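In the two complexes below, chain A is the common chain; its partner is chain B in one and chain C in the other.
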Partner chain A sequence: MYEPSVVVRKALPDDIPKAADLIYRFYLFNEEFDPAWAAVEDRSRAEELARNAVESEREILLVAEENGEVVGVARAVLEENPMLEASPLAVLKELYVKPEYRRRGIASLLVEEAFRALQEAGARALAAEFPAQNRVAKSFYEKLGFRAFRSVYIREA
Partner chain B sequence: MPGEEGKVDWYALSKELHRFYGGKIETIPKVPVRRVKDFAIWYTPGVAEPSRIIARNPDESFELTSRWNTIAVVSDGTRVLGLGSIGPEGAYPVMEGKALIFKFLGGVDAVPLVHRARDPEKFLELLENVEPSFGGINLEDIESPKCFYLLEEARKRLEIPVWHDDQQGTAAATLAGLINAVKLVGKDLRKARIVLIGAGAANVALYRLLKAYGVDVGNVAVLDSRGVLHPDREDIDKLMVRNPWKYQIAVETKGAGLRPGAGPGEALVGADIVVAASKPGPGVIKKEWVAKMAKGAIVFAEANPVPEIWPWEAKEAGAAIVATGRSDLPNQVNNSLVFPGVFRGVLDVRARGITDEMAIAAAEEIARYAEEKGLREDYIIPTMEEWDLYPRVAAAVAAKAVEQGLARRTTTYREELERAREIIARVRAKYEKLWESGLIPKPPVDYERG
Partner chain C sequence: MASRVAVRRAQERDVESVAGLIARLKALNGELDPHFLPAGDLEARAREYVAKSLGSDNAFILVAEDEQAGRIVGVIRVELVDRVFYKPRIKAVITDFYVHPAYRGKRIGRLLVEKAQEEAKARGAGLITAVYPEGNIIADSFYSRMGFRPLQKELYKPL
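== the complex of A and B ==
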């Protein structure tokens, strides 16, 4: 489902406010599955996150753009574990596509492009984070050939 | 003012008469039983033969038993009338009332089936398990959004018609009214700017029917209590998870070009039509909002017992045509115009389902009926007293079922019109005999002048 009218590219400083809004929406969405995914009220944190990603060499922030509008976002980071053969891992931290642009393959484009870029930076495997209860994400990544790799359990303090 | 406590206290009267009669329906034999020996035909040993035939071919159950004319009125009692979640026993009088109307207006034998399977999967399992007893299922008074899932799934899993009256019944009656209302003001429904206030069972189903009817959904704004359904709304992903029906409307309509979070006041500016199925008024729709609608505005305010705006207020604000859900006001948008005929039609052709196209065929027939009688701004939809409407709805629905390949038995519009007339007339004649003979006892209070 390649979508020719959509461009996936690295985010530029000008994209930060819009990308940050979509990053924030990623957490609003995932809060539905687990309250521990609830985002802080302070939305400027999302902007900080986006800005760091644009500036850092260990991270990548991509946007999907259609007709000049930012319609999707993906942020991935390099994660080291000296014990693992697979290290460094490229870990996708947030992925979000606006509702009216879904079911057209844009999320897949974002995922593949994020990992391609981080592979160039040395990543040896690709991982994605999402709430254990998020069945939408689970089936999405399984379709792209991912499998469950590690479990993180949580309990409120 | 209509609705003011006038002559009759319906609650007190209803309580007394329900107690006096001990409910409203019963079963009565329809075959000759002239001597006890006749039971050898209707029961053992004779009955073994029809049983064997049906065991070989289950579809024969529609011919050799009363299944062909029997439906279940099913509710878990989670959203009863204006009463809320009052439980299955509390829902029983309502389902029994529905069964009474089914018989009286459509000649359909309907059985109340209230139950405790509130969990959607258990509810569906129950429907699948009792399917062999019935020729159709009428779902009733079930909470939203569960009702959407139940209807969708039950339609797929069952080989008999499934209908949720709070969705399709209300929506089809509304569509019938809209078809005629736009004729009176000289507009095209398919191009009209339409605002639906309330995104519960009735309006979500109406949206689906409008779309199937060919309305441009980019011109339809659907609002819930938090404003217009819009893909950029903050809670959009919450909707995707919890209410995918509302989510889909948001994505398909793109909020009809309104800004995310726009309320009814904003949505109604320049609108041709508003259909409110939200919460009792008055004052839910404000006069100043109606004043900003397009010329020839059509206002359907369907909440009960009090419409979202009183008709005279809407008229003062410039509305050309107003409809409500009330029988004491003109243009009552009433499910009872729809479901008796719809079920008469699907049962007579032994249909495997009821599609949205069949609901639209019913709406178009209802609209045509009123049009033939002569449309006026206070007559865009027939009233319940117009008895000859029901066979016509049955005929239109049966013909559509045949056309769509969903009928186990073929028929034509003409043929079904005759058949439905005869079945309904016979029920009424039987009832009249029982009544005149005194076998149905006279009520202990005289309320006829009420």
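== the complex of A and C ==
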């Protein structure tokens, strides 16, 4: 699927508030799946996250834009593990498309563009993070050719 | 962790916090399917909806309260419907049901549904159903564990 009216591009400083809003919505949605994903009630932290991503060489923040509106966001970071051939790994930390813009391939565009950009920065594989219970995300990434790569187990302290 | 959660009938003083949880539920529905896109001013609409339900003979709201924190952490709203053509005549419909994510996995949802079943039965209902968006897989697995089965379909086409 390809959506010609949508532009995916690197976020500029002016995009930070809007991108941060969508990053926050990513967490509000994902906390529904597991209490360990319960989000802080502090939107300014999302703004900090977005700002760091725009300023850092080791991260990328992308926005999907349609008619001047930011409708989607993706943030990925380079992650080193000197023991792995696949290092550095590009890890998608947040991916979010507004509900009314779903089912049009925008998230796939964001994923592919994030990978392309971080590949240029040295990434040798792309991974995505989401709650283990989020079956929507699981089937989305499987359709794009991803498979389960590592498991993170948790228990409350 | 071991704070006590009690289920009771919602009161006037709960309107604000119940409306907050219902607004979160509607926002979640919007995430699951674009045809449930929330209208603006969700919280104000939810307050009105809750206040109206509290004064209605055909609906009731139960809340789960964390007694130590004095905080409402879950809600269930049930509507009683007269099925004119069928027996049993009175059907209880769970129209809204939400437990705050930080309080999941503690069987609070189960407790709310069980208490709602008791209350519905006491009000003459012979059957209880639940309505939620097709894409809500969290609800699918919860209700199936609670012994609910599909009853009827709702199809749509945008106009």
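In this text, the second predicted complex is superposed on the first by the 157 of 157 C-alpha atoms of A that agree within 3 Å, B and C clash if a C-alpha of one lies under 4 Å from a C-alpha of the other, contacts with A are read in each partner's own complex, and residues count from 1 in each chain.
Assume contacts are C-beta pairs under 8 Å (C-beta built on N, C-alpha and C of every residue); 3 or more make two chains touch, one makes a residue touch a chain.
None of these values were measured; they are calculated from a predicted model.
Visitor: In the superposed model built on chain A, check whether chain B and chain C fit or clash.
Guide: In the arrangement built by aligning on chain A, the partners chain C and chain B clash.
Visitor: Touching A:156, do we find chain B (first), chain C (second), both, or neither?
Guide: second
Visitor: Thinking of the overlay built on chain A, is A:38 touched by chain B (first), by chain C (second), by both, or by neither?
Guide: After superposing on A, A:38 lies in contact with chain C but is clear of chain B.
Visitor: First (chain B), second (chain C), both or neither: which does A:10 touch?
Guide: It touches nothing on chain B or chain C.
Visitor: Between chain B (first) and chain C (second), which does A:51 come into contact with in this model arrangement: first, second, both, or neither?
Guide: neither
Visitor: Between chain B and chain C, pick out the one touching the greater number of residues of chain A.
Guide: So, of the two partners, C touches more residues of chain A.
Visitor: Looking at A:138, would you say it contacts chain B, chain C, both, or neither? Reply first, second, both or neither.
Guide: Neither partner.
Visitor: So, A:18: does it touch chain B (first), chain C (second), both, or neither?
Guide: Neither partner.
Visitor: Once the two complexes are overlaid on A, one stretch of chain C runs into chain B. Is it 6-14, 60-68, 96-104 or 114-122?
Guide: 114-122
Visitor: Which chain A residues lie in the overlap of the chain B contact set and the chain C contact set?
Guide: On chain A, the overlap between the chain B and chain C contacts is residues 25, 28-29, 32-33, 99-100, 102, 136.
Visitor: Mind pulling up the chain A residues that touch chain C in the complex?
Guide: 25, 28-29, 31-35, 37-38, 99-100, 102-103, 133, 135-136, 156
Visitor: Going by the contact rule at the top, pick out the chain B residues touching chain A in the complex.
Guide: 231-232, 234-238, 240-242, 247, 250-251, 254
Visitor: Given the complex with chain B, which residues does chain A contribute to the contact?
Guide: 25, 28-29, 32-33, 98-100, 102, 136
Visitor: Chain A touches which residues of chain C in the complex?
Guide: Going by the criterion above, the answer is residues 1, 27-28, 30-34, 37, 101-105, 135, 137-138.
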